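Each structure below appears as structure tokens.
Two complexes come next, and they have one chain in common, chain A, joined by chain B in the first and chain C in the second.
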Partner chain A sequence: MMKKRFNGTGWLFASPYLFYGVIFFIIPLIWSFYLALTDWNLIAPVYEFIAFDNFIEAVQNPGVQAAFFVTFKFMGAFVPMVIVSSLIVALVVHGLPRFKGLFLIGFFLPYLASGVVSSLIVKGLLSYNSSINVVLRESFGLDIDWLNSPLSALLVVAAIIAWKFTGYYALILTAGFEGINKEIYEAAAIDGVSAAQRFFRITLPLLYPALFTTLILSIGVSFGIFTEVYQLTGGGPNYATNTWQMEIFNQAFTNLNAGYASAVAIIASIVTFVAIIMIRKILEAWGKRNGWV
Partner chain B sequence: MVGSSKGLVFRYIIAFALLSVMVFPYLYMVLNSFASWDQVDKSIIPSSFSFRSYEWLFTGGEGGMSRPWIRSFFNSVIVSSASTALMMVSGAMVAFALAKMKFKGRDFINNAVLFQMFFPAIILLIPTFLIVQNVGMYDSYLAMILPKALSLWAVFMYTNFFRAIPDTFIESARLDGANNLQILLKIVLPMSKSITTVIFLFLFMERWTELLWDMIVVRSDHMLTLNVLLSQMFGPYGGYPGPLYAASVILTVPIIILFLCFAKQFKEGMQFTLK
Partner chain C sequence: MKMKKSSLFLSTSILAAALAGCSTGGDSGSEDGTTTIEFWAAPNPTQQVYWEEMAEAFEKENEDIKVEVSPMKESPTSEAGIQTAIAGKSAPTMSENINRGFAAQLAESKALVPLNEIEGFEELLQNRSMEETIKTWKFADDNQYVMPIYSNPMLFGWRIDVLKEAGVEEVPKTYSEMLEAADKLKVKFPDKYIWAKPDLADPTAWKRWFDFFMLYDAASGGNNFIEGDQFVADDAAGVGVLQLLADLRERDVLLTKQATDPFESGLGVFTDIGPWTFSYWEEKFPEMVYGETFDLALPPVPDDVSTENVNTFADTKGIVVYASATEEERAAAMEFMNFVYSDPENDLTWLETTKLPPARDDLSSNEAFTAFFEENPELKPYADAIPNAIPSIDNAKYNELQTHIGSMAVNPVVEGTTSPEDGWEEMKRAIEEELNK
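For the complex of A and B:
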């Protein structure tokens, strides 16, 4: 009796998801596979089926190849940056007896910045006549064209996004630190454990679950970079910061190659999906081997 | 060791220094928005100040550069509020069904939500744009609101939180004759204030700073959100950095105020999500 009555209302309550899932997931998903097999250019009324030509063209395209590698290069720069900085913040903040919450809220503020705004600020800070560049030129003889050399452009974008996420991840890591039983440190102190040993043998293993969360989150972020790159480099110089999002946006909405861009998007999704699962597995295995999980 | 007062003062100094570095870009943005135009981006602290950048924005710019800055701010407010409100309502409804109602197909829906949440969304960008275009929503508020009317993350967060609420509360309300909607509104949601704050803030922030979607579904000047307008002016009109800093302040300050208003509940709510 009860069960029967719940039945319809259950679906009614879940109906927003059912509509959304069909209109904004199932239909676009099927449509994107359909589009990827055509040469449609977003405007022309006629188009042809070209089977897998888009995919063959895509994997040979320098922009797509760049996107594949840039994502991992970006990950290599961004993930260590953001983990180290949020770890430092969490290490400093978690032991404060007062104002800890206030500090954490302060550190969280960069998360609120629009990518457009942070890009604008960084562009200003790194402009030719900015005080940073003037000091570098006049005191150190360094004339760095930050956004026009491949390595520094990548590092600048990584740093902007690391700045954004540091406070958020510090919040997660601080909660991790707080979960560690203080008695373990007291026991370690009695046993005469050095500070380095304490960090690597006690803190790190016990922090591993929180660290794992931040690692997975930051790796996920690495696959979705758009705003900062669009704003500062447009994917350049010479594809050095060409992310998947940037490549797909350019192909679909600048060059209007909707069919081809759909194929790129499918490749991007598969790469992202497979890479994240593999990295997850590696991290889990690494944690298990060290006995942290 | 950690407790010694000397060490503690040192820790506070380090914490404060770190915080200063982290909020410095904001400070730089505010200072430059008030700087005289010949001072913008020249030094860390400008030597003379003026309101010219803000005047420029509020009068719509000069020399054929008139853009609807004020209108774009309200576009942002309309789009972000409507979209966030819908995401909150749909999130709570679906989560309530998944966490507290028994019906055939629930596990299927639950798995579908999880699957879709971890599915790389980039694949959907172009066809979703085409759907919006085909139903005639291109260049409208609806184009920015409806495709972002449900957040899988919100469903996920609410579902986890609702599951932690003991069934006895719900059963006793049901015995008193309350229907599901009443239970959700009068019992479950009032118990979920802190998680609601967390979900609301994250959704609103994300919506407020969205660029890619809002940029591709809107063409007319008067429909642009502030973030998109700022982005458009950023590139070709690099000659007006002062007003761009002022627009950045106008874009950033409301969201910071909103966050600070809810900061305490946000902290409480985060504690749950981090467990």
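For the complex of A and C:
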């Protein structure tokens, strides 16, 4: 039997990340669990251990309940938006005879744009007296309250984030398209397959790994929305855009309820974890049922 | 073995470096008897420069005290920055930019020193001529936690050019006059609004300072909203404010959709204005001329309330001393404040650089400021209104309470989903529930 040997070099190279992980993830995580069981606001010298009261209060809170449902509503709007748009961009770029990289960089740029700046620009574009709204009102009689109506506010935020991520996901999907052997299409053409058959029987199965990645990534994004909502709607109207991050921010930094905010953060983490696992299983089952994996 | 030792050494060094990076460092005292105090200025260059100059002048006269001025960290807000600094045991000795509500939150957590317990505070109030102004700043526990630097009595701006075109010659002072002006405006300009303010439909707590509290303070004659843990608001005044909003909504002169520069563009003819607006207008909207395109007025009041000495909300911030400061640091902090505020010239410099009215009783009568107000007539109404300005509520739950005012009363009333009476009752119930938690 081989004796396990201490590998100093391995530990040495791993140590920066280990220290980083311990200091910035493990300790805060344990600390957050502890905090969630107290009524501490981080600054008071005296606080009480209140067991699971914060969790009980959180699940009854309309803001937290809204955050739960709003996340899935965002997902329902954002994921199809970003997947369809990134597929279109990837298809267009894939079909280009040259300068593919240049175009991909162009589409990728919004990903680097500040959420604050893009939100402020959108706020200006959708303001009551913007050119868009003046034309809509005067030519079509449409007076849309973009950011004060629950549905349009949610769609606007989803659209901004979709715009931001389209180029990034298109990059992944383009790589997926590039990996498909052209001879398969040639063989299919000889066999006389239709365009729809080509897409559903060849492209989609072979693109599935890249599509799976972008779907999981985009679902993950739905659970972490903050900047755009903070800038555009503040979680309103009537909690219609109140995300987990907004709720945690408001409780921790506006109301100074650090213990309660930790409880909300833990609930959010559990919901996120469970939801992503479930969605991942569904996607895998979908792939398996069609024989793509 | 050698590798084991070197990796252990390197790992220890990295950990030590990381921990050193987390250290706040610095001891306020030193062997030569110098006391160092840390002062966090508001996170804008103008105020930072002002405090750096004050610190430099102070150090020349007080060689045993060193004042280190740095900008307040905004991560992601200045309040959050302070909260994390206190939690991380790296709070400064003192800081400015603290409003009364946030001070109440900090005071409840014993994070602030009552200034009245530091020797020299009474002298400071006398020297700065602010014995009247400070009265409204007293907290529910009878302590003074904040030394107010400036007090912005919030005023309403009226687009007098548009109003004149609509046949309104005088700025409305009462609710009836305002509604009459609304009717005339709508006849002449169907596409314009009296009040174009998206914030009216937003429940964010601080937004109530610049709509509801301005009108409520005026209607109630400055009656408190909360006293300690008691809801003591003037019901009739509160319902009256909501009724005004409902009446404006019914006349279609209230716009709550997001609009760009609605007052400046003339889309709305009425808006809350603070003194900070004028520098922005000078640069971006030079056509906004005081007395020609716009006028300033105290909030409109119900018809049965006097239009003289009308109260309004005071947007005001001040200096606090943190509980983590040592006795020497607290004394040094008070000396620094006394130095700055014993000379009206320092307040004049503040006024000239920030345009924010110093919280002094004698701002409109002290000769030191006369020339300034002659050159800046649009700021004079602010100075005149200081004695009638009411600061924000001092309850530690002010965020939750003010969110209820928005979500239960103001927002649904302007959306037309509830009546003023029902909205007020719902709000009152939610606030009392919050206060009893």
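Basically, the second predicted complex is superposed on the first by the 286 of 293 C-alpha atoms of A that agree within 3 Å, B and C clash if a C-alpha of one lies under 4 Å from a C-alpha of the other, contacts with A are read in each partner's own complex, and residues count from 1 in each chain.
Definition applied: a residue touches a chain if its C-beta (ideal position, glycine included) is under 8 Å from a C-beta of that chain, and two chains touch if they have at least 3 such contacts.
Every value quoted in this text rests on a predicted model; they were computed, and no experiment measured them.
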- Message: After the alignment on chain A, I want to confirm one thing: do chain B and chain C clash, or do they fit together?
- Response: clash
- Task: Once the structures are superposed on A, label A:Gly236 by its partner contacts, choosing first (chain B), second (chain C), both or neither.
- Result: second
- Query: Which holds for A:Trp146: it touches chain B only (first), chain C only (second), both, or neither?
  - Reply: second
- Message: With both complexes overlaid on chain A, does A:Ser127 touch chain B (first), chain C (second), both or neither?
- Response: both
- Item | Which superposed partner A:Phe223 touches (first chain B, second chain C, both, neither) | first
- Of the partners chain B and chain C, which touch A:Ser118 in the superposed model: first, second, both, neither? first
- Give one of first, second, both or neither to describe whether A:Phe253 is in contact with chain B, with chain C, with both, or with none. both
- Message: Per the contact definition in the header, classify A:Ile43: touching chain B only (first), chain C only (second), both, or neither.
- Response: second
- Task: Name the chain, either chain B or chain C, that contacts more residues of chain A.
- Result: B
- Given 3-11, 75-83 or 165-173, which one is the stretch of chain C whose C-alpha atoms run into chain B? 75-83
- Residues of chain A at both interfaces, chain B in one complex, chain C in the other: 6, 8-9, 11, 16, 23, 123-124, 127, 129-130, 249, 252-253, 258
- Complex contact set, residues of chain C against chain A: 3-4, 6-8, 10-11, 14-15, 18, 76-77, 79-80, 83-84, 86-87, 105-106, 108-111, 196, 198, 201-205, 255-260, 262, 265, 267, 396-397, 399-400, 407, 411
- Query: Tell me, which parts of chain B touch chain A in their complex?
  - Reply: 2, 8, 11-12, 14-15, 18-19, 22-23, 25-26, 28-29, 32, 40-44, 89-90, 93-94, 96-98, 101-106, 109, 112-113, 116, 118-120, 122-131, 147, 149-150, 155, 179-180, 205, 208-209, 211-212, 216, 227, 230-231, 234-235, 241, 244-245, 248, 251-252, 255-256, 259-260, 263-264, 266-267, 270-271, 274-275
- Message: So in the complex, the part of chain A that touches chain C is made up of which residues?
- Response: 6, 8-9, 11-12, 15-16, 19, 23, 41-46, 123-124, 126-130, 145-148, 234, 236-238, 249, 252-256, 258
- What residues of chain A sit close enough to touch chain B in their complex? 3, 6-11, 13-14, 16-18, 20-21, 23-25, 27-29, 31-32, 35, 88-89, 92-93, 95-97, 101, 103-125, 127, 129-131, 163, 166-167, 171-172, 175-176, 210, 223-224, 226-227, 230-231, 244-245, 248-249, 252-253, 258, 261-262, 265-266, 268-269, 272-273
